[in-house]
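In the part that follows, the structures are each spelled out as structure tokens.
Shared chain: subunit A. Partners: subunit B in the first complex, subunit C in the second.
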Partner chain A sequence: MSITRSFLDTPFVRRSNRLRTFITAAWLGWQIESNWADPFLFAIYSIVRPVTSVLILVVMYSVITNGALQEPIFAYIYLGNALYILVGQVITGVSWSVIDDREHYRTLRQLYTTPMDGYFYLMGRGVARLIIGLISVLITIGFGIIAFQLPISIGAINWPMLLASTILGVLSLAAIGMVVGSLTLMLARHFWSLGDAISGALYLFTGAIFPLDVLPAWLRPIGFAFPVTYWLELARRAILGPNAAKFPTLSGFSDLELTGILAAITLMLLVFSWFFYRWALHRAKENGIFDMETSY
Partner chain B sequence: MDTNLAIETNDLGRVYRLRGPKRKGDAKQLVALDGVNLEIRRGELFGLLGPNGAGKTTVIKILATLLLPSSGVGRVEGLDVTRDVQEIRRRISMVSGGETSGYGLLTVEENLWMFARFYGLDNVTARKRIDALLEVVGIADRKRTKISDLSTGLRQKMNFVRGFISDPNVVFLDEPTLGLDVTAARDVRGFVKQWMHDHPDRTVLLTTHYMAEADELCDRLAIIDRGKLLACDTPENLKHRLQREAIFNLKVGPLGPKPSRDAMIEAVPGVRQATIVEQNGHTELNLILAQEDVLSNVLAHLTRRGSSLISLEKREPTLEDVFVDLVGRRLDVDTSHHAEGEHAAG
Partner chain C sequence: MLPAERVQKATGLRLFWYTIWARAYPRIIGSTREKSWLFFETVLPLMGTASYVFVYRAIGAPEAYTGFVVLGGAMTAFWLNVLWAMASQLYWDKDGGNLELYVVSPGPLMAILLGMAVGGILMTATRAVIILGVCSFLFNVSYQIASLPLLVLIFVVTMAALYGMGMMFASIFLAAGREAWHISNLLQEPIYLASGFYFPVKAMGFWIATFASVIPLTLGLDAMRQLIFAGDPTLGFLSVEVELIILLVLSVVFIYGAIKMLAKLEEIGRREGRLIERRR
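Right, the complex of A and B next:
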């Protein structure tokens, strides 16, 4: 808490209600996500969970392809699956906080009578899951390099592109999470699994486990409309280098063009989520369901 | 606009749409507030007294910017509750009774510190206030205890501290002693009185259905029932309304089949209000009589019904009597699920 305290007392942060809200919410989120077990158990959970989930995929792939782990498609699938961990973590990290505060901790009423900014609060609450997700991604990729000799060389990674695309990707996911969270504010019940449902649906349409070309032509536009598709493509190009080019779905676009598309969609989603949140909050207060506990 | 007013409502109304009425003819909406007008001055400890479901919490939720009114205007320190949300939240706080919520994984200090930061307090001020307030409510030794390890009463005390940590101009206390034991409730009332004494320019709006609490704490109070404000004055003046009437508590033997308030009022001229509670083989009657000599007619009526007098007490009017006189039922009757047609409260 002392680091957060010192940081929050810097003049720049003290002047900005939104920044202060964001940092305090991120601190709260981290306390919630990391304090449920002792540090050793938490570390084990953080390692075992992603590794076991990726092993299931590897076993399925091995059975179908007779163990062709050296094929470029394996690295494509493995990496897509590893990066996809962030999709679920960020979307649900942001949106789940509404249900967590309203139903579990029953603090929504207390929080929303303070002058904190609700949009930045929810964004901040998602940070903890983002960090846990990033750790899981790194562990999964590291495990792939060691156990399955994935063709990844640390020195050959295009770090600036990986960083830029991941920042944009995470922002776009947070914006989707805000939209889901806003819906949860407004609709009160049954939406506890909406974040999982959306990230599950996107799994099929964003090239996470197979190139979009595999889908029927009429289904591909769904994938092209979502930022995750472009983020995964850019991240694969940054990590795998020439190997990523073997899959032609987005090969007609340069790195810069893909980054531009990802940035444009992310910006649109952020603007949309901002207005949607305000509208949803107003509707929830209008309908008298804002702090309704549904006991689900 | 009167700048001396901390809280003001003009024709404040709130209607809830009911989802999925079960049968044809079921009410489709619930009128929780119906044209409520309030003027609460700075420095007042003002009470809203009413039974469960009267609309007290709805008033507070609207004023605390958690709920939009369906009609009318609400102002806190001259600011509109629908438009000036952020500015109002900087000046208010709200504590609900029975509030045992909180992040169980945080310690008491961490939880309070977090809320202090949301209010924009710097670290030094936050820590000073946390220490001072925890000391006042007597849980300073629990500062580093996780909330999940606190008893219900201690959690409520912690939430009480949260409500005062921002040094608010206006505090909304919604049934603050609900669920507390006698000692803890007395501590809470003592704290509120002391805080108002130390901060004479601050305002507290308190809702309660405990008449003794309202009587003890409030400078003025309004009686609310089924979303409507029935009376508003000082506790003394409200009780003074019944000064000319005679109030009796009677304990009598069983009254026979279906004793009712209406039957009693109809049968004995001069009975202004009556509440009847049957318990443990006898019946308790609280009667407000127009004159003292009506009592003999009441006793004759009871004899005709085959009942006998066990005890009789004449007493001074209380706020409960004022409520009974205005509404015709006791304060502890929950009206939230007994809407007459479309009229009830939230």
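Right, the complex of A and C next:
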């Protein structure tokens, strides 16, 4: 708490209710996510799942191509899957806070009697999973460089593009998470699988582990509607540089065009999530379901 | 006022039998009362399975691999059910206040676990059949079944071993407290990898496949693939007959282990007064 306290005590933060809410929620989220086990077990937990997830694809690829790991499509699949870790973590990190507080800890009512800002509280709760996700992404990519000689050179990475696209990508994911969390406020059933369902759909439609060209033509437009498609393409281009595999669906777009599209969708999602959250909160309170414990 | 009907008290095997069906009842009837679960429980794994099919298509895999993925994708439903609705169930029940009701009721805990398994298998089989049917239709998968009776036998024995393992895990997870949630999470992708849900387990090499054979789905899936996609040379870690014998042994070991562990946990829990304590 001492690090958090020093943030909270800075004059700039003290003046902003939203910033204080965000930082405190981030601290709370970290405590919940990490204090169930000792650090060693927690580290293993954070590493094993993403690495084995990517190994499934490595084995699938190797069985078919007899281990042709130097082909550009291998790096495409590997990096896509590694980066995709953030999608599930951020979306469910934000949306699951509602389930945790309402169903598990049964503190939602008490939380909303405080002067906090609910939108920034939920955003803050997602930070812990974002941090865990980022560590998993780095470990998975590092593992790929060492074990499978992914053609990545630290010096050749386009850092400004990677940072800009990742910030926009994470913001868009957090906005999607807010929408899912807002829906959860109004749902009595099936809320457990909502976040996973959304991230599962994005896995299929955004070209995370295969080029969009492989999808039937009538399904491809769905991928163009999601920011994840553009973020993954930009991040791959930034990390792999000229080694990035090019496929017809997105190769016609320049880096700047992709960034522009990503920024526009992110902005729209953030605005939409803000209004949607306020509407969902109002509906949940109006219908008397805001603090229900469904035990579903 | 009508005289109260005299209720015949069930004891012994009769009580065991009634308890099984009493616990299976909410799972079976619940799934028919609220149909909306079909959408959430089938569409989600369907999308994951479809993603792996498209990966194989992107790298130019033979069509047979689409069938391997579809069957593996359908079987993930059973693994997830064992993790989340068997192994973790007693922990959920403790958290929700049901465990104390089970403990004070005359029904044996083992019968309650068995009831959960029976209900779980029936409910999950529906889900698996839908995934299998929809994916087979969408991706035009063709099957060449070598022996239907043997296929059914392999499936039944695999389920016995798998849910026996789930019953055994239920005691371990209950003892693990809130770490149960994370253990369940941790046992998803690593098991998909080691058990060859999306590729023939033979590809993992002899030793990894041997170790992974402790999970009944490894051998069950391999045997089912051998029988459904007859003649494919990439299949067959062991022969179907050998895999069947090992699965039978695993069934006995896991169910016996479940009985022993549940008795031990109950004894320790009662002695230390922590069996139904919800704070852990």
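Keep this in mind: the second predicted complex is superposed on the first by the 295 of 296 C-alpha atoms of A that agree within 3 Å, B and C clash if a C-alpha of one lies under 4 Å from a C-alpha of the other, contacts with A are read in each partner's own complex, and residues count from 1 in each chain.
Heads up, the rule we're going with is that a residue touches a chain if its C-beta (ideal position, glycine included) is under 8 Å from a C-beta of that chain, and two chains touch if they have at least 3 such contacts.
Quick caveat: nothing in here was measured; it's all calculated off a predicted structure.
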Subunit A as common anchor, with subunit B and subunit C clashing or fitting: fit
Which superposed partner A:43 touches (first subunit B, second subunit C, both, neither): neither
Contacts of A:225 with subunit B and subunit C, given as first, second, both or neither: neither
Partner chain(s) touched by A:290 [first = subunit B, second = subunit C, both, neither]: first
Touched partner set for A:64, first subunit B, second subunit C, both or neither: second
First (subunit B), second (subunit C), both or neither touched by A:17: first
Partner chain(s) touched by A:163 [first = subunit B, second = subunit C, both, neither]: neither
Distance of closest approach, subunit C and subunit B, by C-alpha atoms in Å: 5
Set of subunit A residues, in rising order, touched by both subunit B and subunit C: 36
Residues of subunit B defined as touching subunit A within the complex: 14, 16-17, 61, 64-68, 86, 89-90, 92-94, 96, 99, 101-106, 110, 113-115, 117-120, 122-123, 159, 162, 166, 346
Touching residues (chain side subunit A, partner subunit B) in the complex: 1, 5-6, 8-9, 14, 17, 20-21, 24, 27-28, 31-32, 35-36, 105-107, 109-116, 282, 285-288, 290-291
Complex interface listing, subunit C residues touching subunit A: 34, 36-37, 40-41, 43-44, 47-48, 50-52, 54-61, 65, 96, 178-179, 182, 185-186, 188-190, 192-193, 197-200, 203-204, 234
Residues on subunit A engaged by subunit C in the complex (per definition of touch): 36-37, 45, 48-50, 52-53, 55-57, 59-65, 73, 77, 189-190, 193, 196-197, 200-201, 203-204, 208-211, 214-215, 295
